[in-house]
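Structures are listed in the sections that come next.
Across the two complexes that follow, chain A remains constant while its partner is chain B and subsequently chain C.
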Partner chain A sequence: MEKLKDALDFSDFSKAERIGLVIFSVFLFAFPWIGAGSFTTTVMIQFLLFSLFGMGWNTIGGYGGQVELGKAQYVGIGSYTVALMMVWWKVPFWVSMPIGILIAVGYSFIIGYPLFRLKGHYFAIATICTSLVLKDIFDNWNLVGAAKGIELPIHDHPDFLYMQFKSDTYYYYFIMALFYIALFYMNWFRKSKLGYQLRMIKDDEDAAESLGIDIRWCKIKAYSIASAFVAVGGGFMAVYNLYIDPASTMELSLSIKIALMAMLGGAASLWGPIIGAAFLVPLDRFLGSWLGGQKGLTGIDFMIYAALIMIVSAYQPRGIWGIIEQFRKRGH
Partner chain B sequence: MKIRNAAVLSLVLFLSLLIASPAAFSAEKEIKIGVLYPLSGALATIGRDLQRAAELTADIINDKAPGVDIPMAQWGGIPSLGGAKIKLIFKDHRGEPDRGADLAKSLILDDKVVGLMGAYNSAVTKTVSAVAERYGIPMINDSSTSPDLTERGFKWFWRTTPHDNYFNRDLFELLKGLTEGKVKGVKAVPKKDLQNLAYACENTEWGSSVAKSIEGYAKEYGFTITKGLLYNANAPDLTSEAKALVAAKPAAMLFAAYLSDSLLMIRTLKGMKAQTKFFWGQDAGFEMADFAKTLGADINGVLTRTVFIDKITRVKKVAGQVNALYKKKYGDDLTGATARSVVGVQAWAYVLNKAASTDPKAIQKACNEINIPANDLVMPWAGVKFDAKGQNVLGRGLIGQYQKTADGKVSLEIVYPFDLATANFIYPFPGWK
Partner chain C sequence: MSFLTVENIVKDFGGLVANNNVSFTIEEGEIVGLIGPNGAGKTTLFNCIVGYHRPDSGKVTFRGKDVTGFRPFETNRAGIGRTFQIMKVTTGMTVLENVMVGSFCRTNNRNTARGEALHVLGDLALDAVKDYYINELPIAIQRKVGLARALATKPALLMLDEVASGLNPTEIEEVVELLRRLNSAKKITLFLIEHIMEMVMKVSQRVIVLDYGEKIAEGLPADIVKDENVIKAYLGEKYAQGL
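Moving on, here comes the complex of A and B:
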């Protein structure tokens, strides 16, 4: 009960932030009714999905300060568990998704235990490697469809058991619900014992250790929480796209995208990953859709995308949230 | 301050993008077809070519092309729909399946397209066709060759191009033809000389399914695979793969490679002075203009499967006429990939004309009944007619051989099917001295 209260309590934020959250929430709830078009709806779904990924990454990457670039492997585990169980045994989504989370958490312990002997860049490189190895295994493993991937059977009617709908509005509200669960969880997490321990570890590992914090165990726990978040998103991707393959669920570029959104938005802040996703996802999708098909402008959308990322990170290494805070302080 | 301005400006840009998101312009007498191709990213070059070919075909139908002897070139729009023009709306999926699916939804719901075409990458075609199937919107696929695509029992998906199983069977027909003396300019080769085969295929969906199919046909045609390997097309070095191939001493080396890896593989094999009698690539890298431009005379004797070779214009009049228009406008000849786009748009036009309606059900019926005669196609096919699975059963592939010409360049000659052969087959593969 205490935990639930903590999760729903945003009172330590400034008034402006709380008002912002309320306006944002009203917008999210009302969005499907404002008639923005189906493409904008798909962009919103991607935004919520990447916010979810980013919030997960933020536990270990933001609060824990460990640069983690292998989150895609857990997207893969989540999506493959849902897809394979559905194709092989017709297991409903609501059963297979929790199993996917369990497998992701179990796997993250196995990976995390040896990995957290490493620090800094070595840790970052190791996370990339484990993710690439898993992708290579799936690329060549015939039982799970190898590089050809897995197609989910299309169900005719709205089907809540298998999460299949014709209209994206259902998917939108579903991913929105997941988003809020994640947001409340993160709100609790940042105030939890583990949250404080992680920030201490980030600031000074030796000092943290001298105070009796089990550094490795803390990191493993945070890493597993992050993996669970990402696996949920992966499961969603499987039922939403109805097709998954190693290239779209386990690629290094996906890992980097997840970390980039959280870092660009502002790591170690509750709003950071959400702001990062709100900035990068629409930028990527709208620019791509608008300029991608234009003649004589090949690649211009990539250039604008990259330039904006560079401008933000050069101006304020703490990301967009850092810029907002800077302006706010100047205002006082 | 400047940065603040930039931030405000980009914010305004976004908001305007949001507001301006695909508004449905309903101009009269226009039939919108959504076309998804990889227009940026790794496959941008090929995607742009496909886009050009599709646009050219739409122009031929809409504006009439006097010099082209295909009925649709005299239509000036779709006759049964009161001369309505075809409008192609292009979207760039970058080779990403999820992006393709999102764009397909946007085309169907925001742009209100009558049907879809694309998407080149088989993986993207999978998600796009799943969206089309959900919404009951017809999709004609012009250029994805994964055999699985027409094995899914979809009701709204048709494919004009032959798929990889056709092409791999062609390869084994050619090998068999060699042993039977059917190949132009070559006496029958004893089968034991061609018994052992080795392949190296890239390891994504396409390459791995080619590998599987090669194994299957080898068994069926009585050949032995002595070495088979899958590799990463982005690998910076293929020395160990090339060594493994050379060590197997195969009579034939078979490949499924994209462009950069095909160049690397051939250069590596050349460096090792690899010897084999038969050197074949499954389209993609082997067929692209840059392949021949980069490797020049080094590929004398190399074979590639394709569906269109510009030499076909000698034996097929309409192919020559459309090719001339394409070359005049863009400076290149049509290739196997781009000619498939021509047929894709053409199939759409014929289907719409037959349906005489833009109602999805009417189009579905027209697709199932369509029969485009061979004479109307730029392809050397027997026509376009779909089976119950949506696969065109009248398509066939070609195998071309790069041959050194007198001026030191290479040209691609047709060697299979045997009745279309334009030059004597070079056997055995000359290799590199």
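Moving on, here comes the complex of A and C:
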């Protein structure tokens, strides 16, 4: 009960932030009725999806301060579980998604245990490697469709059991619901014991350990929570796209985008991943279609992301939200 | 059975023997000082007891329980708190949040943790700075925050690594008062590394002296300052003459 109260309680934020949240929520609810085109709706769905990913990454990457660049493997686990169970045994989404979460969490414990022996850059590299290995396995594994991926069987519209719809509006509200669950969860998380302990670990590991914190266990727990979030998003991707392959669900660029959005918006803040996604998802769309498609400059977008990472980490490690807070402090 | 028993601790950093066969005991409720020249192995000894280093050989027993080779968080849960010589100046958490992390060691409830943290802060007269970040505070207050954080974990034995270095005489006086109060009112056993002799002599009931990793003397402060070995190794002739 108290946990639920904590999750719904935004009272420790400033008035401006709370008003902002209300306006933002009204906009989200009303969005499908303002008559935006299908392209804008797709971008909004991507935005909500990446906010969800970013909020998950924020547990280990933001609050825990661990540069984690392997989230795509959990997107893959989530989406492949949903897709394969639907193709092979006709298992409904509402059963396969929780199973996907369980597999992701189990897998994250198995690889998290050795992974968190490493620190700093070594940890970051290791997370990239585990993700790449899993992608390579799926690329060559015929049983799961290998590199050509798998198509989901189409169901009649609207199917709430298998979560398949003709109209994007349904998907929009579905991902919005997931987004709010994630937001409330994170609002609880940042005030939880684990949240405090992770922030201490980020600040000073030795001091954290002297205060009775089992550093490695805390990191593994946060890593699993992040993985669970991302697996939910992966499951959504499967039913939304109706087609998945290793390239779209486990690519390194996806891991980097997830981390980058949270870092750019502001790691270790509740709003950071949302702000980052609001900024980067449209930019990503624009760069992908304009530079990549029309100008034939494929790959330029990654150079821009790399530059963004460097600028953020050099000038304002707390991201866009850090800049906003700086201005607010000056105002006082 | 002693409160803390350290038996034959040896810690060898690849040829540099930082602790060589150090043994001593601490009884419940004591205030024990640990002194010695720079590089004598004081902090290493602390780290061996708390668990940042695993001693090459030897045994540490705390309240009848063998804690040799425990990780620092395990010794903390067993009841040993410690502060650091150098406190990392961090920007991520306020003073209150820092101390709350300490109290979370003994509770899962945020409101309980907050209440206890506020209590500890009040006890150390830190209420006024509770919403500041550590980097915004002067060093004397930073040290006190480190102390508050360790106290919030409710230790039975508190190990203080140079809690008074860099403080002015008035501040040292305050720390001495505070340590005495913690010892008498809260029944916390204190074990402290200190360079400032004035403070060691005032606050400790017993002093252990290390030099080149070995224990060269142990006894009452008044006897220690007259001990020839200690004078030669650490205090110097001038200090002894000044007595």
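One rule holds for everything that comes next: the second predicted complex is superposed on the first by the 301 of 332 C-alpha atoms of A that agree within 3 Å, B and C clash if a C-alpha of one lies under 4 Å from a C-alpha of the other, contacts with A are read in each partner's own complex, and residues count from 1 in each chain.
As a convention for this text, a contact is a pair of C-beta atoms (placed from the backbone, for glycine too) under 8 Å apart; a residue touches a chain by one contact, two chains touch by 3 or more.
Quantities reported herein were computed from a predicted structural model and do not represent experimental measurements.
In the overlay built on the shared chain, the residue A:L242 is in contact with chain B alone; chain C does not reach it.
Of the two partner chains placed by superposition, only chain B is touched by A:G288; chain C is not. Of the two partner chains, chain C is the only one that A:M200 touches; chain B does not reach it.
Look at A:Y315: by the touch rule set out above, it reaches chain B but stays clear of chain C. Shared-chain residue A:D139: touches chain B; no touch with chain C. Of the two partner chains placed by the overlay, neither chain B nor chain C lies in contact with A:I103.
In the superposed pair of complexes, A:A147 makes contact with chain B only, with no contact to chain C.
When the two complexes are overlaid on their common chain A, residue A:V87 makes contact with neither chain B nor chain C. Touched residues of chain A were counted for both chain B and chain C, and B has more of them. According to the touch criterion, chain A has no shared surface contacted by chain B in one complex and chain C in the other. Against chain B, in their complex, chain A makes its touches with residues 36-40, 42-43, 46, 139-140, 146-149, 151, 154, 166, 168, 237, 241-243, 245, 247-248, 282-283, 285-286, 288-290, 292-293, 298-299, 301-302, 308, 311, 315, 323. Of all residues in chain A, only 2, 6, 191-193, 196-197, 199-200, 202-204, 206-215, 268 touch chain C in the complex they form. Contacts from chain C toward chain A in the complex involve residues 50, 52, 71-73, 76-77, 81-82, 84, 87-88, 90-93, 97-98, 100-102, 104-105, 108-110, 113, 146, 149-150, 152-153.
Taken in their complex, chain B has these residues touching chain A: 3, 6-7, 10, 14, 17-18, 21-22, 39-40, 44, 48, 90-92, 94, 96-99, 101-103, 105-106, 108-110, 123, 126-127, 130, 133-135, 146, 148, 152, 203-205, 207-209, 230.
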